[in-house]
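The letters A, B, C, D, E, F, G and H name the chains in turn, as written, and every chain counts its residues from 1.
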Amino acid sequence: MRRERVRDVLHQVADGALGVSQALDALAFEPLDATQSADALAFATIDHHRAVRQGFPEVIYGAGKSAEQICEIASRIAERGDSVLVTRIAPDAADRLQASLDNVEVNRVARTAYRPGADRPVPGKGSVAIVTAGTSDIPVAEEAAVTLAALGDCATRVTDVGVAGIHRVLARRAELTAASVVIVIAGMDGALASVVGGLVATPVIAVPTSVGYGASFQGIAPLLTMLNSCAAGVTVVNIDNGFGAAVAASRITHL
Amino acid sequence: MRRERVRDVLHQVADGALGVSQALDALAFEPLDATQSADALAFATIDHHRAVRQGFPEVIYGAGKSAEQICEIASRIAERGDSVLVTRIAPDAADRLQASLDNVEVNRVARTAYRPGADRPVPGKGSVAIVTAGTSDIPVAEEAAVTLAALGDCATRVTDVGVAGIHRVLARRAELTAASVVIVIAGMDGALASVVGGLVATPVIAVPTSVGYGASFQGIAPLLTMLNSCAAGVTVVNIDNGFGAAVAASRITHL
Amino acid sequence: MRRERVRDVLHQVADGALGVSQALDALAFEPLDATQSADALAFATIDHHRAVRQGFPEVIYGAGKSAEQICEIASRIAERGDSVLVTRIAPDAADRLQASLDNVEVNRVARTAYRPGADRPVPGKGSVAIVTAGTSDIPVAEEAAVTLAALGDCATRVTDVGVAGIHRVLARRAELTAASVVIVIAGMDGALASVVGGLVATPVIAVPTSVGYGASFQGIAPLLTMLNSCAAGVTVVNIDNGFGAAVAASRITHL
Amino acid sequence: MRRERVRDVLHQVADGALGVSQALDALAFEPLDATQSADALAFATIDHHRAVRQGFPEVIYGAGKSAEQICEIASRIAERGDSVLVTRIAPDAADRLQASLDNVEVNRVARTAYRPGADRPVPGKGSVAIVTAGTSDIPVAEEAAVTLAALGDCATRVTDVGVAGIHRVLARRAELTAASVVIVIAGMDGALASVVGGLVATPVIAVPTSVGYGASFQGIAPLLTMLNSCAAGVTVVNIDNGFGAAVAASRITHL
Amino acid sequence: MRRERVRDVLHQVADGALGVSQALDALAFEPLDATQSADALAFATIDHHRAVRQGFPEVIYGAGKSAEQICEIASRIAERGDSVLVTRIAPDAADRLQASLDNVEVNRVARTAYRPGADRPVPGKGSVAIVTAGTSDIPVAEEAAVTLAALGDCATRVTDVGVAGIHRVLARRAELTAASVVIVIAGMDGALASVVGGLVATPVIAVPTSVGYGASFQGIAPLLTMLNSCAAGVTVVNIDNGFGAAVAASRITHL
Amino acid sequence: MRRERVRDVLHQVADGALGVSQALDALAFEPLDATQSADALAFATIDHHRAVRQGFPEVIYGAGKSAEQICEIASRIAERGDSVLVTRIAPDAADRLQASLDNVEVNRVARTAYRPGADRPVPGKGSVAIVTAGTSDIPVAEEAAVTLAALGDCATRVTDVGVAGIHRVLARRAELTAASVVIVIAGMDGALASVVGGLVATPVIAVPTSVGYGASFQGIAPLLTMLNSCAAGVTVVNIDNGFGAAVAASRITHL
Amino acid sequence: MRRERVRDVLHQVADGALGVSQALDALAFEPLDATQSADALAFATIDHHRAVRQGFPEVIYGAGKSAEQICEIASRIAERGDSVLVTRIAPDAADRLQASLDNVEVNRVARTAYRPGADRPVPGKGSVAIVTAGTSDIPVAEEAAVTLAALGDCATRVTDVGVAGIHRVLARRAELTAASVVIVIAGMDGALASVVGGLVATPVIAVPTSVGYGASFQGIAPLLTMLNSCAAGVTVVNIDNGFGAAVAASRITHL
Amino acid sequence: MRRERVRDVLHQVADGALGVSQALDALAFEPLDATQSADALAFATIDHHRAVRQGFPEVIYGAGKSAEQICEIASRIAERGDSVLVTRIAPDAADRLQASLDNVEVNRVARTAYRPGADRPVPGKGSVAIVTAGTSDIPVAEEAAVTLAALGDCATRVTDVGVAGIHRVLARRAELTAASVVIVIAGMDGALASVVGGLVATPVIAVPTSVGYGASFQGIAPLLTMLNSCAAGVTVVNIDNGFGAAVAASRITHL
């Protein structure tokens, strides 16, 4: 363990067993904060230190990992008492994970698996509003909601209020202004982000989704809309990235 | 219900129970036209008001919605006597819908389901010509045709008249000039829109389709062709969006 | 002149000077409606027939043409008593045109030059609302306005009502619903088209503009937004193409 | 039948039964060459006239058409004694076609079905060399070869001579220079077209293929390579479009 | 003025001059919060209400506006005692603005002009760190800094700490963790956002810049890098959009 | 000189001065046809051999070359009696070239400079029709025309016959069918290539041009249109590449 | 065999049986290095000469080839005693290959099949470090590792050290600096390549992978990141191309 | 200075003035190798440590920096005796730099400025061949050559050997195989990289250039060609990035 090794070096210096210049060489080029974080499997290096550094442990991105790999990583994290969150998990991998660990909650719409850690997460200040333009955006909203819950945040939902019927979102204005952060999830034209960005004074995080006709191009259209929002102060995460939006929101509520 | 709440406020003002400035505050920032339109399911907010505002009720975009969600929304709309139109519906969802509601007409080529409302739609003025460049464009044409019928419009078909044999479209010129609006549906080079746009004086709505060899790029090629049409006055909708073209045409015939 | 040639052939047949099968060969493959329309300069073939076919004469697209070419084409059109409209005209070419023809009205913001024809244009039914999201969209709006006037249409303006302050467009709702056709011009996120498309029941023609920060990509962002509008029935023309939108609108008002 | 109708008009003029100006009106705006070509099914308008106009009958593009549609169109063409060529035909549609028509030759690699017509095709002058860069390009080469045979052309093959081993193509130089036209088919870097274009003086038609690693982007990489060929005089057809290259080559050999 | 009109309606109801149901109709569909915000010039509709709604007045985006337009809008805003901020202002327009209004501070690197309002802006909580990868990113950083100051925020700078020398950013870690919000500005590979996103627990807003060699594509490369950041919780604004990042940061510090 | 060196080797073998296996080593890996072609300047290696190999000498692509470099290369080529053709030459470089060599013909519209060689070029069989959609396409057409003349080909022009007035191209059908090869040059929608491709049976070479409104994207729109032409047998060259189209046409006429 | 034929020619010259000028003609235009390399199957031309020319035999790219084709090519290569390496091999083709040849090692994660040749490969100098950003990048790393082994190189692995936890890669710095060449494999933001490029002085080869959320666009995002690396000297291969990176690395270790 | 500060800490521990755990806290999270490298100007943080870490000092990328900034940074680097290299320097900035520092060598074609350091660079092993496809690629080649010289490498040139005349590059084969590393610079089709990659066994670094006709898209075409090279082991740097290619080559020659 690195921290221990530094302590050893320092003790040796204190004891006169090691000269200052030798100690200097021993310490040079070492990223000391790595001391407690490297847990190397054959296929993964778990960043256990992240919980200390950023307030939540490493999250497992399920896409492209085998069920075996997910279970192995999850078990290492769980062993330390940290909470386990897997996103983009395939149905069969979720089943495998539930079979190998207790207390795993699977959300099939969100494609997530979650297992609470030994300690409850630090609660965020205020609530996060998750606003969706259409029913088809719900899986992304669910991913955000599961992530927020895992991070100690409280979320409210405002569903299916796309701008083609502008009164729908205006009617929910009170809920939007009551939130500390607003996550806007929309595909197709993605215009909801601009409208909401103009209605509230709080941070707005926009998530484009890959829903839509041909020239939506799997979400490029709403992505560009949101990046070009005429409502200043709207920020954007990747297409379908409900997880990322939730983490960004939680960074704000945990300031 | 919001309209009722406004009425209450007004009654209180009329009765002297509420001062004018207090009433003013109560009414500020409220989109009053939302009063009768919000019908919120867990996963959808139905815009019942749309039929009043735009002459046709909300249409259900089937892609990305589960069969259950489609049936639930459709049933809410049908209960009010409005007509139900579902586009991009998967075969099994269509089956489910037919099982759960009577009088549902499914068009498997168009991927639509339709259930007439209590009242017949207001008929449009004149007819809409649906022109296709090739046989492969027919599903998009069918979607347009079903939508037009649901909106009270009458459609004629001019099929497989791509410009590689220019005489084919010239031979059908009379049918094109007889229509109030012409919808041109074409993939590959999309050149038919420009030729038709030059032949008629009426509005031309172009629909690019995703049919074609590699560098058609799922419809980008004809989309760009149509946007760049040298025949002025051609307007364009999204790739494969027969539904959108039909609504645009119907807005014209219902002026 | 072609029509004369056909008459000659027919006279020869009537006179017995030409056999039927020879006449048939002579006539085959000839687009007879071309008879009076081809006026060939060295660098242009003027489509004089267009005024008959589509109700307005050929418009000169100024970009990529020299001042000499523009003046020569304009003079040929003016000689016939038709009205002359030049779009995308460079300042110096506009000066040259004003020097070479009388009664030429130049609009420097719209980059247009216009000279009325002998007859007044046929007036369109109703008016066309030109709605812009921001001040930077005004040149495109001007191009549309000049074109509409040339086509006999009457236009109203609703300026700078982008959705970041949604109340601005809602406050102008009466003007929007009063128009026969609405042209929505917006850059950046292009979201205004969807909001307007949901507010009115009339045809909406959207024009993306090339104004904006980096990832607007010279108008691709609002173009995609508009093509993916969640408000059904919105149609789209090319980036910055105020002229095309006006012609499309005029096709509708002249039905 | 239109040609007959024109003949009727002419006979009436010859007989004095119709005045010249009436005849003129009757003939105006008619594309006379359409007379014998329109054969309209519900879903297709067959361009029978094409064999007369361009030397080969309409070819059926199988993608996006149902087996029923293919069989129906093929049967109409075959009835007239013309040869039938279907490209991009799905295996089951090919089976159906063989069951419904005699003498149908199916090439599963090329995804084609061919049925000779009553007359043998006019032979082209010289031969066409089909050069491929790699084994994976063979299906496209086969499509070209089947098409060339159907058009009366004689093809030679130079296979797997990609430029990573430049001696391979240099060793086959004699075969390349002996051909009248060279079709170069390559994916990945598409560089073979430039090398061949520099070796021969004859027309070179390049076909990019969709084979390759990630940034080939389904053929965009070789498409761009070929469009930018530093060997002047190389022309390009669409990605994977062996059929189009063969038709272009045959247009040359049939001059 | 709309608020007055509502008050009139209410007074009439209070006086019995207007029935409740008539009043209801009069009020329906009106966005009441528009009452005091619309200030229409010929070319702009100023959103004065924004200061109330979002805590800062409308900002003038200088690109595409003439110097005259900018001065006119600025003067209207200044008249009300609000602060004036113009971004992307051309040098000559800045000169004109300084000539027409007193107290205008121009920052030529940031391309901004600023004139303080009657009241000092509400100070934000904590400070905002502005981190740049290279010297070429400084103009964007300046735009962010000017905007933050105008919004009442206090900014620190960490300059030229791109990841090619990873020790540079690690050496400044204390400054990063001390900030409430971190704005990361980087062109080329944009990798700094991911590294910073992993080092701090606070909100990180990434701004791609258009600096770099060919395949940076005017900022698309760092934009994509940032959207795909492996450090969860990084959000992104448009290319070169220092203004937008500052507003987003300020929304957070003003919670 | 390489051929001489081979001869030397052979003479030495014949004389017994060199053993067979040594000779073999000396000859191995040498591309013998390079013997007379390499003429190396500091900045260019002139392919004098090309005239022998492909029937025309190397052409100088002027873009990116200094006037000095162009003059130096041109002078080397002229010294050998070959004809000199420079494309994309800047006006001042053209002036310099005319000053340094006699008999140089400059075409400012085509941006070409040409100096005939000692021998007249071998005449091509038949003529090449150059068809343009609009006046703005003329510079590309001129480049093609100058190149064809230099290669010994005879060209006819069909100008400004875009498909928005379809009768214009139909009226010129005789000229199109009379040509051996047709070059179609069009920007915007590029649809003319498909129409011409369907009218004639001869080879059609399409050239997209960079003229047009926003979403033409500097010629991508017509490029894609032409690659996706529904008229089989149309081949395509690079955007604005009139030179390449001419060389491809000339390869056909010189078969 | 060509080399033999050249020898024959030389012998005939030595014997006086062939004149020098005849010999010259016989040898002209022949790429002599082709002599022993062309082994033509119907569908492939095996470049046996490559082992001599570049130190390793031709590798079979399995995508787009049938199992039969792969087995046939592999068997030809194996017959000569060369080693056989197949990449991107489908599971069933791998089974077929193992059934048809002995000693075939299949790596299902890497999608490779390998059969050692008669001679051991020449060992490279030093080792190659294969660094991956995440677990999902492992298949590409495996392809690189199998290829390196086949080429005689020795590889070390540094796994899952993405920059979101920068200490992870810093902790492995010693392993990175110990290698002769570093291959960095990363998807999503691809930022690891820049960080590693700044840490070591040795050649760094970056491989973008197609893993990630929407706007990764199948690897375009990390590809652009890597091409724009602010760490000078990083070179890039195609998306997911572990094989190519390994060959490039091996070219360096075999200098 | 950081290293000094660590030494201080250690001395204090050795002297008993500081407890071990306090020392531990003081040292934690510090990247110790940063001690001597941070030299912060207002606008730049110079990475002086880079010379130690990677064998050459920080290079100044001139684009986007003012002449003042360049001179200031250069002067700081020069003061330490390190060599100064500026790339992409504007002509006037180069003049300014020559005026402010002695011994500055400016290469106007390469757009570089270079000032040797106190020590001569460590010479690389072997030479680097710089191969260009055309004259227009020379500025990029010059940038590479200047950089190589600054890094202690020796370069040879093979100029204008594009594949349209394949004998040109074959004739220079000896020079290519004699080099340790080959840099291939090509625009348009970029095919030269694949041919060279197949000819030599040494590392090949490809540089796409932005020279060419329309669909070269400022270098995207050759970039994609090179990434998709069918010659395994070719690696690629950014468009026009001669500097990066030189650094990559030098990393190899300095192994």
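Basically, a residue touches a chain if its C-beta (ideal position, glycine included) is under 8 Å from a C-beta of that chain, and two chains touch if they have at least 3 such contacts.
The shown structure was predicted, so the numbers you read here are calculated from the model rather than taken from an experiment.
Listed by label, the chains touching chain F and chain G alike are D, H.
If you compare A-B with A-H, the chain pair joined by more contacting C-beta pairs is A-B. Judged by shared residue numbers over all numbers used at their interface, chain D and chain G contact each other through mostly different positions, with under half in common.
Rounded to whole angstrom units, the spacing between the C-alpha centres of chain B and chain F is 50. If you average the CA atoms of chain C and of chain D, the two centres end up 38 Å from each other. Residue positions 29-31, 33, 53, 134, 164-166, 170, 198-199, 213, 215-216, 220, 223, 227-228, 232, 238-239, 244 of chain E are each in touch with at least two other chains. Pairwise, the chains that make contact are A-B, A-C, A-E, A-G, A-H, B-C, B-D, B-E, B-F, C-D, C-E, C-F, D-F, D-G, D-H, E-G, E-H, F-G, F-H, G-H. Chain G contributes residues 133-134, 162-166, 170, 187-191, 193-195, 197-199, 212-213, 215-217, 220-222, 224-232 to its touches with chain E in the complex. Every residue of chain H that touches chain G in the complex is listed here, in rising order: 31, 53-55, 59, 126, 170, 180, 198-205, 223, 227-228, 232-239, 243-245, 247-248, 250-252, 254-255.
Contact residues on chain A toward chain H in their complex (touch as defined above): 3, 6-7, 10-11, 13-14, 16, 20-21, 23-24, 27-33.
Interface residues of chain E, counted against chain C in their complex, comprise 2, 29-31, 33-34, 37-38, 40, 42-45, 47, 49-50, 53, 58, 61, 63-65, 69, 73, 208, 210, 218-220, 223, 238-241, 244.
Across the complex, chain B meets chain D through its residues 134-136, 138, 159-161, 164-168, 170-171, 173, 211, 213-216.
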